[in-house]
Each structure stands twice: as C-alpha cells, then as structure tokens.
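First up is the structure itself, then whatever we jot down about it.
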Amino acid sequence: MAKQISVQEAAALVKDGMTIMVGGFLSVGGPNAVLHAIAETGVKDLTVIANDGGQPRFENGLHELIHNGQVKHLIATHIGVNPEVGQMMNAGTMKVTLVPQGSLAEKVRAGGYGLGGVLTPTGLGTPVGEEAGKEVITVNGKEYLLEEPLRADIAICYGTTTDAYGNTKYHGTTRNFNTVMATAADVVIMQADQIVDMLDADEIIVQGILVDYVVDGGAK
Amino acid sequence: MDKGEIKAYIAKRAAKEFKDGDVVNLGIGLPTMIPSFLPADVKVVLEAENGMAGAGPKPAAEDVDLCVSDAGGQPSSIAPGGAFIDSATSFGLIRGGHVDATVLGALQVDEKGNLANWIIPGKMVPGMGGAMDLVVGASNVIVAMEHTQKGNPKILKQCTLPLTAKTCVTKIITEMGVIDVTDEGLVLVEINPEFSVDDVKAATEAELKVSPDLKTIE
Amino acid sequence: MAKQISVQEAAALVKDGMTIMVGGFLSVGGPNAVLHAIAETGVKDLTVIANDGGQPRFENGLHELIHNGQVKHLIATHIGVNPEVGQMMNAGTMKVTLVPQGSLAEKVRAGGYGLGGVLTPTGLGTPVGEEAGKEVITVNGKEYLLEEPLRADIAICYGTTTDAYGNTKYHGTTRNFNTVMATAADVVIMQADQIVDMLDADEIIVQGILVDYVVDGGAK
Amino acid sequence: MDKGEIKAYIAKRAAKEFKDGDVVNLGIGLPTMIPSFLPADVKVVLEAENGMAGAGPKPAAEDVDLCVSDAGGQPSSIAPGGAFIDSATSFGLIRGGHVDATVLGALQVDEKGNLANWIIPGKMVPGMGGAMDLVVGASNVIVAMEHTQKGNPKILKQCTLPLTAKTCVTKIITEMGVIDVTDEGLVLVEINPEFSVDDVKAATEAELKVSPDLKTIE
C-alpha cells in the first residue's frame, strides 16, 4: 500500500540541495499542488529535472519554483515558453542544461530501469553530443551517442486516478514524463486528481510498487 | 508576394507531400496550418510528441479538455483511432522510424541538409524540445519556412548556428519554391510563378541547382 | 486504419528464410491461429525471435513450427519446457541462441525505438556476455554489456482486443513480448481475440500506427 | 532429515526473510511454497516476471483464467492491488532495483556468491529465462535449495558450471542451515538442530566460517 499524505507533508520531504524530477508538459499533467507547497516551504538550491521551464500562466508550480529562485540547476528540453528561464540562464542566476526530449525520456527510464545508458542517434554532431563530451559508440557501422542514466532523490509525479496501492492511470496527454519519472527516484510522490480503492489490473500505467506516497491533488 | 499570404501558401504546398495514412509530426507555427489544406481523400495521423499518436483539431471553446494539449501547450483533441502515449513511447515511435514525416521551421538550412533551429547563442534559447529526435527519426524531414529572414538568406552554404542535426533535411518548402536535398546538393524542383529562377538564386546563399524538370507550384 | 486479413493471408506474408518475431510466453498470449496457418504453408528456414520454444501441450503454434522443422534458428530466453528444442539444438538440426529475458525485451525495444543498443549489467561474466563477444562499456565506474538491437521482417503479435485502427489492449499476462515486438518489425500482424470499432484512447497499450494487419483469432 | 520434509523446511525458513510490503520474485519449484509460510502480518507483493506486479495464489479449477499465468506457465491470479505488465516493464522493475528480493534454486553457488543455475553444457539446457536479470537486479538474492545434489556439494569453492551472474548471491538457505555471503566469505549464521556444524562443513566444499552468534533454526 502507498501511504497517503497531505500536500504539505509531501513538500516537507524535499530538502535543500536535493535533485527532484517533476512530471508535466508545460501546463498539462504537472503536480502543481505539491509544487506550490514546495514553493511555500522556501526550500532552495534544488536541481530540477523536467520537460520544460514551466509556463508563466495558469497555476504552474514549476514556474513558481523557478521564479522564486529556489532552483539552482534546471535540466530540461525546452524553456522558450517561460522567458524568465532564459533571462536567469543568461544572467547566470540559474544553471540550465538542455537535453533533447526523447533522450531525456530514455535517460530517466534508464535510471529507473537499471540500464547503464542507451545509444541514440539524437544529438550527434550538435552541441549536446560529442562537443558536450558524450561518448560516441559505433554499432554495425552507425554512430550513436551514449546517453547516461538520470536519477533523482524524489520524483514528484501527477496521475489522473490513483488507488490505495499507488497504481495510477491517466487521461489525455497528462502521462508525458510522469510515467518514466516514477521509476527513477529514491522516493516517488504521486499527486492524483482522484484516489480510489483499487484500479483494474489491466488498466494501470504506473505500477503501485513504484509509488511511495499518494497525495490528493483535488479534482480538476 | 503579399506578406500575409506567405504562410498559407507554404502550408498549402506542404500539404501535397502527404498520402493517405501517413503519420506526420507538425512543428509549432506554420506547419500546424497544413491539415486545413489536405485534400478530402488524404487523412494523415498527427503525432504530437507530448502525448498523442493521432491528434485531432483544436477544439471549440466549449469542448476544451484541460488534460489534452498539443506540443505547444495549446488545447487539442484526440482524433478517431488516436492513442494517448507517454514521452518515452512518443519518442520511441519518432526515433524508431514510425513517423513518416516531420514538418518544421528553421533558422538555417545548408547544402548538406544540416539544420539549425533551436538556439541563437546569447540571444534566443528556446531549447531543442523534441526537434533533435524528430529530425533524426522521421523518414522525411521537411523544412517549411519563409525563404529569407529580413532579406537575409536562411538557406546557406554552411550553417553558422549550432546544429539541430546533421544531414537530416530532405526537402525545403518556401514561398519561392520547393528544394530537394540530394546527394548532389540542393535542387530547385518547383517554383512559385511570381518569382524567376534568378530571384530564388539571389535569395539563396547555397549553390542551387535547377531541375531540368522544373515545375510551377499550382 | 489497419487492414483486416484472414489467418491464411497473414500466414502467406511469411516467406522462406525470413526473421519473424513471435509474441507469447509459453502458452499465454501467443498468436496461435496465425502460427498454425504458417505451419500449414510449409514455409521453412525461419529465424524466430520469441520468449521460449513453445510448450508441447495445448494448441501451441510455436511448438508446431519447431516440431515441423520450419525453424532454422531460434532466439529465445528459455527452452526447458519443450524438450524437443534441446534435442534439436544438441542434434544440430536447429540453432538456438539464448538471451536473458530482460535483455531480449530491451533488444527488441531498442530495435523498434531506434536505439543503437542499451547497456545492461545482466549477463556480465557469463557465457552470454564478454565470452560471447559482447562489448563491455564502463559508465561511472560500473561495467555494462552493450546489447544491440533486434529487428524482424515480420512480427506476429497477439492482442486481446484490437480496433479498426490497429490499437490494441490486453487482458492478464498476455502482454509479455507482444508490446515490444509490435514496434520492431517491417510488417506487424496483430491477431486479436476480438476486433471492435474503436478503443478508448486512454486504454491503448499498442498504438495502431504500429500495426499493419489485424487478424481475427476468434474469441477464447 | 526426512526427504519429504526438506522443501517445506527450507521454504518455511525462507519465509522469515521478508517484511510486510516487500516486493519479491519467486523462482519455479521450492520458492513458490514460501507464501504459505508467511506470518499473517506479512504481506509481500509477488512480482511474476512474465507479467504481474502483484500476483495472487493459484486459482481453484473453476476460477482459472487462461490469460493469467505465472512465469512457469501455470494458472495464476492477480492479487488485490496488482498490475499486469509487459516484459519490458517487468524487467525494468527487476533490473531497476524495484524488487527487494528474489528466491531461486541453484546448481552451484560459490564462496564469492557466484551463481550457476541455467545450464549443464551438453546435458541440460533450459536457458536462463529471467534468472540473469533477477539476480543482477534484485536487492537480495536468496538461494533456497537442498544442500547437496545426490550427496555431492553444491556450495563450492568456485563454480565449475557457466555462471548466471558473478557475486550476486546474498544468502543461501538449505535444509542444513542459513549461510550469509559476506566480503569475508561464507558464514553459517543459523543451523538446523538435526545437524552438527561438522555435518554442514562436510556437505560444503567451500570454506565455511561459523558465526560467533550461530542460532538454531526454529
């Protein structure tokens, strides 16, 4: 069984200097209630692994953390939607590491699934490839970049419906990085719109054995 | 050509690249105009890298589902037969060659088909998002863009900006014409009758061959 | 839309010498109707990639192909349940390559998802590792084997319920290798217990864009 | 010890290794007897590598669902809170350290914790199935087996059969006792009172240290 805790209890698990993974894609499928509570704790020097740098509209919790200066290092694929991220990056107040979106998904999955890395053609011959010091490995005459695994201290994920065991399913495009991130952290928090007794075993997207804590994020 | 018509003109021509059943990923902006120009007998499956294999049109305001967006974060819908997917699956489909074509904009393209579209160091840093995977994974990579940027060529001998990927572009569609990227370099295969071949060459820094079969864009 | 064809039409797609992937785990979740039809065509010299060597009971189509001598090379994880496979292997009438089950899943997924391979600790220091000529790559001081991708000419998969678009969902433990194999072949055949007009987009396990042909395998 | 009691004795002792909520993968044969010996307050989640994170007991004949089997291909069931999974997910969970323990048999184990359990060249070729992944991925690798094979030691100085994995075994449970695999070698930590320490040593080819805290198996 996953333990059900409050948004404040979930937020209190995040400590200064931790590396956290945050699910969501711009304003869809992010664990905003927990992120908002983290913003309120004032925790700092976080390294955040996420798809993007949040979106400065709606109630975007990732944007809030960044805006507050609580993030020391952002590892993401796209930051253009939140101009503040680029400004902080250029001003040197926040370090930003850009990763191709598909490579980020595989790096997190590799971290969660015990792989030492994956070989991808993505990024070859670009600033995120050899130039960034990544190893080039040739398989059957074709070159690939070795993308190493990523893990975090805590993954903060969103789910549409979660059960008492932590099993989770999704509606719409809310899965995004939530599914792989739930595999790749020492502690996994699942913020759900709805918590039910038990989901159908055929319909589960994130397995309950991955989830440590369930948080009621409130129905949308 | 009238500035206000350029994007629609490019999108309309790009729409002719697809056959019924193709799986296509469309970049933000101009490429999203393509579906409205598809012939009635051509239905493409839109892959949205944020989580749909089979995206539908932008919903009417009263039909918006906040849990369904496109890769730009805008409200979207699922098409009949579409499937919601996570990011690892989405890019597996893209990287694995299950997407027939991607259409996207560019800052620069060069003679070898190298593409730069994700960063202007020190100025614009949007990040590559899914672009690097898309241009490596999709079978056809079509750049759909205005031919020049404030009068400066964007089709160059060699890209000067950091690359998105090497030798990935297969075709360039602009308001001036259609250029195939071949082993022998760039070949103008179709032209907008409002321009002459010399007009196109003058707006192109790269060496531009002209197809002996040069056609007029209809 | 995926094209619906008969079991015989599906079987006719398989030609002498082809490499085929076959989903299923022992007698659960295998595309037996199509396999039985392939057995009847008499096609030969097949390379088969599958979890196991079939089970010599129930209506096991994989066992039938092997028993008939239609398989030249079997790439599998476990052959102990079908003693005939070991006998053929030792007699030299069929080549057998054994692969760890988790590595097989990742090799097929890599083949289907455009990766040049994955790094796994599984098999290090064993006959399927360095001794078999696999490259050892060190990441962050830890050794891994480079497992290269696998692909096939045709993947023959099973699904519980498939729709007109090829979208497929599963009941029970029938998913096994069907899901990754559907990504990793030039042509994908999905034998379904049931074919419906359209599945709910939130419930799909194998995306229709992967599936070329749907075959009605008949309800169990 | 009575031959007919050996397996149950080993399974009963192995059942004490788990705490409530542990995720455990059980090999075919003896290990599958373990759940029936778990105390009432210890519920483990059974991972079945063929496709369940949370397997239930063998169903009664009238409840058999042909689409639900265990990794041996035998009818099984899903437990409350269990999830059906595909092979890539299953081994991701295993390799990624999300399985707390695996209990499995062995042909040979040695002083370094090396394990051989998948092939006797030229004779028995069952294949490794999921074993190689399980012993590399699970946090605890418990070998539960009869101490000897037809009187011959199976706990050796060095495995002679092809390995399943190097230095992977953390504990060995037999009808004679419980042996921890430590950096200093094999240490007998519990003993079946029907045997003397010398009996155990005589049945073990590997050097066997004896814990100063040696306990009796209850």
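Quick notes on this structure:
Read from first to last, the chains carry the letters A, B, C and D; within each, the first residue is number 1.
One rule holds in what follows: a contact is a pair of C-beta atoms (placed from the backbone, for glycine too) under 8 Å apart; a residue touches a chain by one contact, two chains touch by 3 or more.
Just so we're clear, the structure is a prediction, and the values are computed from it rather than from any experiment.
Contact tally for A-B versus A-D: the pair with more C-beta pairs in contact is A-B.
Mean C-alpha position of chain C lies 28 Å from that of chain D.
If you average the Cα atoms of chain B and of chain C, the two centres end up 35 Å apart. Shared interface positions of chain D, defined as residues touching 2 or more other chains, are 52, 78, 84-85, 91-92, 94-95, 136-137.
Counting partner chains per residue, chain C has residues 106, 109, 114-115, 120-121, 170-172, 202 touching two or more of them.
By the contact rule set out at the top, the touching chain pairs are A-B, A-C, A-D, B-C, C-D.
For chain B in complex with chain A, the residues that touch the partner chain are 48-52, 65-69, 71-73, 76, 78, 84-88, 90-92, 94-95, 119, 122, 124-133, 136-137, 162-166.
Note for the complex: chain A touches chain B at residues 25-29, 51-52, 55, 76-81, 86, 89-90, 96, 98, 100-106, 108-109, 120-128, 160, 170-180, 205, 220. Those residues of chain C that touch chain B in the complex are listed here as 1, 109, 112-115, 163-165, 167, 183-184, 198, 201-202, 204, 207-210. In the complex of the two chains, the chain C residues touching chain A come out as 106, 110, 114-121, 137, 139-140, 142, 144, 146, 148-149, 169-172, 202-203.
Taken together, the chain B residues at the contact with chain C in this complex read 21, 23, 45, 47, 52-54, 78, 80-85, 89, 91-98, 136-137.
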